[in-house]
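Naming follows writing order (A, B and C), and every chain is counted from residue 1.
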Amino acid sequence: MSLIKIRKKNPLIHCITNTVVTNFTANGLLAIGASPVMSDEPLDVEDMVAIANGLLINIGTLNKNSVEAMILAGKKANELNIPVVLDPVGAGATTYRKEITKNLLKEIKFDLIRCNAGELAAIAGINWQAKGVDSGEGEMDITLVAKETAQKYGAIVAVSGKEDFVTDGIEHYPVSGGHELMTQVTGTGCLLSAICAAALTLDGGKLENIRNVLADYKKVAENASKEKYLGSFQVEILNGLHQISRGE
Amino acid sequence: MSLIKIRKKNPLIHCITNTVVTNFTANGLLAIGASPVMSDEPLDVEDMVAIANGLLINIGTLNKNSVEAMILAGKKANELNIPVVLDPVGAGATTYRKEITKNLLKEIKFDLIRCNAGELAAIAGINWQAKGVDSGEGEMDITLVAKETAQKYGAIVAVSGKEDFVTDGIEHYPVSGGHELMTQVTGTGCLLSAICAAALTLDGGKLENIRNVLADYKKVAENASKEKYLGSFQVEILNGLHQISRGE
Amino acid sequence: MSLIKIRKKNPLIHCITNTVVTNFTANGLLAIGASPVMSDEPLDVEDMVAIANGLLINIGTLNKNSVEAMILAGKKANELNIPVVLDPVGAGATTYRKEITKNLLKEIKFDLIRCNAGELAAIAGINWQAKGVDSGEGEMDITLVAKETAQKYGAIVAVSGKEDFVTDGIEHYPVSGGHELMTQVTGTGCLLSAICAAALTLDGGKLENIRNVLADYKKVAENASKEKYLGSFQVEILNGLHQISRGE
């Protein structure tokens, strides 16, 4: 349902994201009728975010220059009441990512933190064995930690996994369905974060809109799984986003 | 016709382009039998462009380092009589892009400026409501502005839209056809600019060669539209370029 | 056979690679059951490589910042006995690439150098007419030069071409098969280097594992050639990697 609404609204989403997923993210946003724009140069981003409807900050392949751009763009978005999403890719993998994530959360007010369990653990300071940018393994009460994190930062927190989980710190919903192949294509989480940025531009409750988008995305994964190999599965994700957002 | 000629010639095209479209641009050039090379490090580009047959400068995700590389590569290309194409992505969207575009046009002699209406307006200093890197809306006599811009910079100007338009400041041609899905895949304009750089390496009239390439590209879009969803449509663009350039 | 073993092991491969092939490389690694992680920021790479099982250094779109990261990551990998692969893309094309390649070979102990004939010639200091990042043309005894290079650097050397060739400086094997379309999709060599980094994490002889991976890759190319055009062929490469690594 939310994907259809995004197509009707056609929001412009400024993405500061990693170099692995730029193309897939842009095509994914276009597939649901949103307009992507990418810029990670400090001299460029404040003007760019000012004409955007939403901002995505994804630290997947951060560098000193893009981190500076993230801070500038995030602050400007806050100033202009433009919704901001954080995708803390691999937040727990390195000291640098941990520090940058901490700093981003200090300097910028995020509307949504979208992450996997390992990244949530890193934000919450819980011991966890992440595997690079993959979720990894550990023990924590995800529901509890996500709710506390949502309350601490005044943000919705969406945690991806076999079953997704979304909370604003008070209410919380599981979102089930999907298909395991979705975790085996690079950038599906990153694209979901970009789509969530688009969903935050919609009228209505933010939590409800995010929840609907997560459910739509699970549906896309299920439909795409008619292809059993990853090359064709990736193509089908874009096809599915296009199709579902057109109400077909 | 021009795509077939490009395959016969196999030109090496040095692309300084944005991080969203690198892969699609490289594969698109390979699909028509051209050879892509990408480099945007100031210490590397002068040597690289010196062995190339054509240069593309695309400002889609510019940064201070790549802008320096663009200037160096462009000047070297001018010195060696290697044709240069400018794709001023989102030129009107931010002050930084406007300034960089102005500076590129001052420092480098371009053989072709390939843009959309919003970018043309930005170059010509006309008021226009661009939407990020999309064309946007406004009122201007595109024919007149394109011709004046072509005359001012001594370059061919090709403006993409529902109907494309190409002029050298004296002659001008519309190029019709194509399919609207082409505007919904990221990087199709960027790839067209790269292909135009390859077309400028051909024998014969430059305006004629660009016009033919634009017409071929419209044909590719029409053929690809047998796929109605974006994932498969994108794959078909590469297939179509490959097929048409092989005369099949 | 090696691809099946990689899937069983699921190694984490840290890739410092070029911006053209990031997505294709990540999806290719995922397709064989490996986990990719990309990071090219000096402040980030030492921690990242420390949790990885293998490191790929690919100079395709190097810049001053990423070169610094390559050195730091490579040294750390050496310290931790993590295998390192060098893909010296376009090593002979520019003075800068030649210098950086020389410096990387001086500062880092590589387990494998995977390259084409032109890049091998550049490393060995032999006169050769490369074409940008393509192999180009020239005369040398590839067998001899590859063996000498392997001995000089204490690395396995794998040279891609119509027939691949792999040597540890003592033994050497040709690997035949494959399909010419493989050279017409961008990043197939770069992906092969990443897959080789994964192969170096396997038990057993390194030379044997690399040889097996090269043979598997030829098989993937042959299977993918049921698609005659490049867009679909590229999708089939990922499908084929997925399929073969699953033993299907």
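Operating definition for what follows: a residue touches a chain if its C-beta (ideal position, glycine included) is under 8 Å from a C-beta of that chain, and two chains touch if they have at least 3 such contacts.
The chain lineup, named per UniProt: A, B, C = Hydroxyethylthiazole kinase.
This is a predicted model, so every value here is computed, not measured.
S.K.: Note whether the interface between chain A (Hydroxyethylthiazole kinase) and chain C (Hydroxyethylthiazole kinase) is symmetric in residue numbering, meaning over half of all numbers used appear on both sides, and answer same or different.
M.R.: Looking at both copies, the contact residues mostly diverge.
S.K.: Would you mind reporting the rotation angle for the C-alpha fit of chain B (Hydroxyethylthiazole kinase) onto chain C (Hydroxyethylthiazole kinase), rounded to the nearest 5 degrees?
M.R.: Rotation angle between the two copies comes out at 120 degrees.
S.K.: Please tell me the distance, in whole Å, between the geometric centres of chain A (Hydroxyethylthiazole kinase) and chain C (Hydroxyethylthiazole kinase) computed from their C-alpha atoms.
M.R.: Distance between chain centres: 31 Å.
S.K.: Of all the residues in chain A (Hydroxyethylthiazole kinase), which ones touch at least 2 other chains?
M.R.: In chain A (Hydroxyethylthiazole kinase), the residues touching two or more other chains are 19, 23, 234-235.
S.K.: Could you please specify the touching residues of chain A (Hydroxyethylthiazole kinase) with respect to chain C (Hydroxyethylthiazole kinase) in the complex?
M.R.: 18-21, 23-24, 60-64, 90, 93-97, 131-134, 184-187, 229-232, 234-235
S.K.: Spell out the residues on chain B (Hydroxyethylthiazole kinase) that touch chain C (Hydroxyethylthiazole kinase) in their complex, using ranges where they run on.
M.R.: Touching chain C (Hydroxyethylthiazole kinase) from chain B (Hydroxyethylthiazole kinase) are residues 12, 14, 19, 22-23, 26-27, 30-31, 35-41, 43-44, 47-48, 51-52, 65, 234-243.
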